[in-house]
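Each of the next two complexes has chain A plus one more chain, namely chain B in the first and chain C in the second.
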Partner chain A sequence: MKKTIQIPLGSQHISLLEPIRFKFECENETIIGVDADVGFVHRGVELACTRSFEFKQVGYVVARVCGLCAITHSLAYTLAAEKLLGYVANDRIKYLRMLMVELDRIHSHLLCLAHTAENAGFEALFMQIMGDRELVMEVQEAISGNRVQFDYICIGGVNRDLTSELCDLVRKNLMILSEKVEVLIGLFDNNWSLSLKYKGIGVLSLEDAYTYNALGPLARASGLATDVRAETSDFPYEALGYTMIVESTGDIHARNFVRLREIVNSIAMCRNIVDNLPMGEIQEKVKGKPKGEEIVRIEAPRGELFYLVRGNGANILERVRIKTPTFSGIPAMMEVFKGSQYADAPAILASFDPCMSCTAK
Partner chain B sequence: MKFFTTFRKKSPWILHYNAGSCNGCDIEILAALGPKFDLERFGVINTGNPKQSDIFLVTGPVTYRSRERLVELYTQIPEPKVVVAVGSCTSTGGVFRGMYNTEDGIDRYIPVDVYVAGCASSPQLIIDGLVTALEILETKSKAIEKPFKLFGAIETIGNKLSRLNMARKVDNDEN
Partner chain C sequence: MFKAMVEAFKNLFKPVRTINYPAQEISLPNGYRGLIEHDHEACIYCDKCEKVCPPGAILFYQHEEGGKEYHYNPWLCIYCGECVRACPKPDEALWQSETKQQSGVKEDGVNEGWFVWEEACKESREAYAAAKKERKPKMKSEEPLCVS
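Let's turn to the complex of A and B:
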């Protein structure tokens, strides 16, 4: 008699925002084997960037790789292109770009927390966090003109300026948000029914995180101190109060807590940016065509985002290579599923914050 | 059947499928279901089951691998059903038009009732599209519930008996 049963999850499922298919091999309720299929949303963005779009347009095309971390995609590409063109942005442009990246990180983390809560069965908590998230979305819409796909960054600067009224709005909304995040931190730490679903479930050990090359909040929750913001010097993160947040337990609770504390850190950084915004031009003309090869790493909300851009002096690039954080995180994810209960699988999956559009491109 | 019509109008359930979009419209649908925009005041609940849904929300240009699943999900939704294409790339292909693995919009595969523009569509536009979809759903349910007789002419096409016209719908008003 066959001892194990196979349960599929996906490609269309209520707990999934995007199509991904898992084949769980279960023994009673325990998962003993996982098989993942991630290529449902492959569109061919990389090839299109080197065929049909000019290098000035590519920044807006790669933003459509992923809606959640669109700004990090366009920022990484723009940095690579600017390095090829020999252009160094002034401080105001750097600060404005950082502001949008950190706001994006806040809303992405809040969405992940909400989605994890929904998948674990806490519908009211989902609604509460989605309500808090609208504060950040309001700020993003006011600054860039769009809620999600804000084509804010262009080669040579940013497309819109931050006026003093907008600064006031940022300060006001972030103050309300920081109070709400404090409430959430208390809730996630002390609530008994949340702890049943989160604490000790979906544990990724430090050795596994190291072996399977986990990135971002997934690695930091296991105690692996890796963050591109601390490793690169493209942006003055240290000067604006960046601290690396590391937890040790590696379960869903630790991942949630890394995200919550990163939100607090990002709010502090956004306030510092708005308070110490230097003067200068927001957009400068950049001449020339990209020639050579450049590598850029940016910390997306989910981990390290890697871009390779190669040009040969023509209007159309030769190669654009995108390596996204979820792609690197898949082996670690598969490891976490083994040994956990099938009923916890949607919550564990959401706690990784997987981005299939990024992975499949 | 009138019994169901009332509830279908008051609580249309939606099925959401991502056919290769960038997540932008998906999170906006999620935001529209959230407390600020509150799509649930129209009785809308996001279900994962096509057999219980009335409105099919699709995002993304259809990718090569998702097209079979798209058509499969569409056929599993019971009549009457309304398809809403959310986002520019769902309607026309958008920025992904001409990429080698995409199919330039969902209307190549399934009939679309409402197109929602925008990259990414804002929750206000999505709500507007869904309200339009509700009206279409109502007219579709009325049309489907009109009684009809099996009444048609017997034809022969090329020496063979054709049954095409036998089960034609006949309006009661004609009699």
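Let's turn to the complex of A and C:
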């Protein structure tokens, strides 16, 4: 007689924001086997980039891959295209791009923390964090002119400049936010009932993180020091006070803490950017057509985002390949589920911060 | 426990953080990216905006006598502002306003109506190009006659 039962989670489930299906093989309450299916929101973005749109327009198309890290996607594509065209952006453009990416990281991490809280059964904390997240959204809306689809980065620069009033708004809102994040850190660290749901649950060991190639906060929570920001030199992160945040326990609590401390680090970097913004043009003319092949790696909020762009000297590109952090992290995620309780699955899943529309694109 | 109760009691008198939306207007920030507006008198009809528009929300209908007509789909537009940056006369002929587009309803013909225009604009271009081609060989055949 079969001793295990199969319980599906998804593709539609109360704890999921986006469609993903996990098939859990359970022995009583313990999960012993996992199978994942992610292709529910495939939209054919990669093909559209090489058929319907010219290379100057593709930056706006890939921004629609994901609502949360729209700016990271368009930045990764733009960097690849600029490398093909032989253009190097000036310091002001680099700083403005970094500012938006870091703001993006802050609000994405806050969303993930809110979701982890909600899926562990803390609705009020979810509301509180989402309320605090508005501070960052407000700044991004004021800078780029839109709340979600920023369309801020274009080939050869950025579309809008940072005025002194905007600088003041950034400083003011980040000041309020940093106080709120301090309170959240205390709450996530000391609250007894939160620790029941988070501490020692969903553990990914350092060896497993290596074996299954974990990335982003998932890897850093297990003690694996990997961050594209430290590995590439496209942006002057070191000069702006970037520190790699690494935890050692590898459970949900550690992942939350990596995110919280990264928010603190990002806030400090954003302040540095606003205070030390160099002078220069915000948009420069880039001539030519992309020819050749280029790869770009960018640290998205969830981990390494990989872009391959190939052009043959025509207006329309030959190939655009997008490898998103969630897709690369699936083997590690499946490993975490094994051995944990079925009831903890929603909270563990939320702590990965999976982005399905990125993965299926 | 006591602390939590005090906190809960305090929360009763705190102001709400959400906006009472339909009753209360949502304030848009300065420089909100809204609808694209066009002035047909200032426009020189160079078609640059049409070429750069990522979703193809701007179309020009070609009249047979040579004039062009501007068409804009506010629901297809992604408000990126590429057209305004490409325009040789920005702020005069084409500019981005701060008005927010209302949701489209069936009567607006958001899709069907626009497909008709897309087809019509494409056909008008082809017809105009064909007419131009026809006129050109005639002119050439007339020229030698004049010389002789």
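The rule is simple: the second predicted complex is superposed on the first by the 361 of 361 C-alpha atoms of A that agree within 3 Å, B and C clash if a C-alpha of one lies under 4 Å from a C-alpha of the other, contacts with A are read in each partner's own complex, and residues count from 1 in each chain.
We take it that contacts are C-beta pairs under 8 Å (C-beta built on N, C-alpha and C of every residue); 3 or more make two chains touch, one makes a residue touch a chain.
Here the structure is a predicted model, which means the values were calculated and not measured.
When the two complexes are overlaid on their common chain A, residue A:Arg160 makes contact with chain C while staying clear of chain B.
Legend: residue contacts after superposition of the two complexes on their common chain; A:Val61 is shown touching both chain B and chain C. When chain B and chain C are set side by side, the one touching more residues of chain A is B.
Applying the stated contact rule after C-alpha superposition, one finds that A:Val136 touches neither chain B nor chain C.
Using the contact criterion defined above for the overlaid structures, shared-chain residue A:Gln149 touches chain B and also reaches chain C. When both complexes are overlaid on chain A, the residue A:Val34 reaches neither chain B nor chain C. Applying the stated contact rule after C-alpha superposition, one finds that A:Glu18 touches chain B and leaves chain C untouched.
Looking at the shared chain after the overlay, A:Ala254 reaches neither chain B nor chain C.
Once the two complexes are overlaid on the shared chain, A:Ala214 sits clear of chain B and of chain C alike. On chain A, the surface touched by chain B in one complex and the surface touched by chain C in the other have residues 60-61, 131, 146, 149 in common.
On chain C, the positions that touch chain A within their shared complex are 17, 29-33, 52, 54, 78-82, 85. Partner chain C is touched in their complex by these residues of chain A: 53, 56-57, 60-61, 131, 138, 141-142, 144-146, 149, 151, 154, 159-160. Chain A makes touch with chain B in their complex at residues 11-15, 17-19, 39-45, 47-48, 52, 60-61, 64-68, 70, 111, 115, 126-128, 130-131, 133-134, 137, 146-149, 355, 357. Remark: chain B residues 17-28, 30-31, 33-36, 46-50, 60-61, 63-66, 69, 73, 89, 95-96, 98-102, 119-120, 122-123 touch chain A in the complex.
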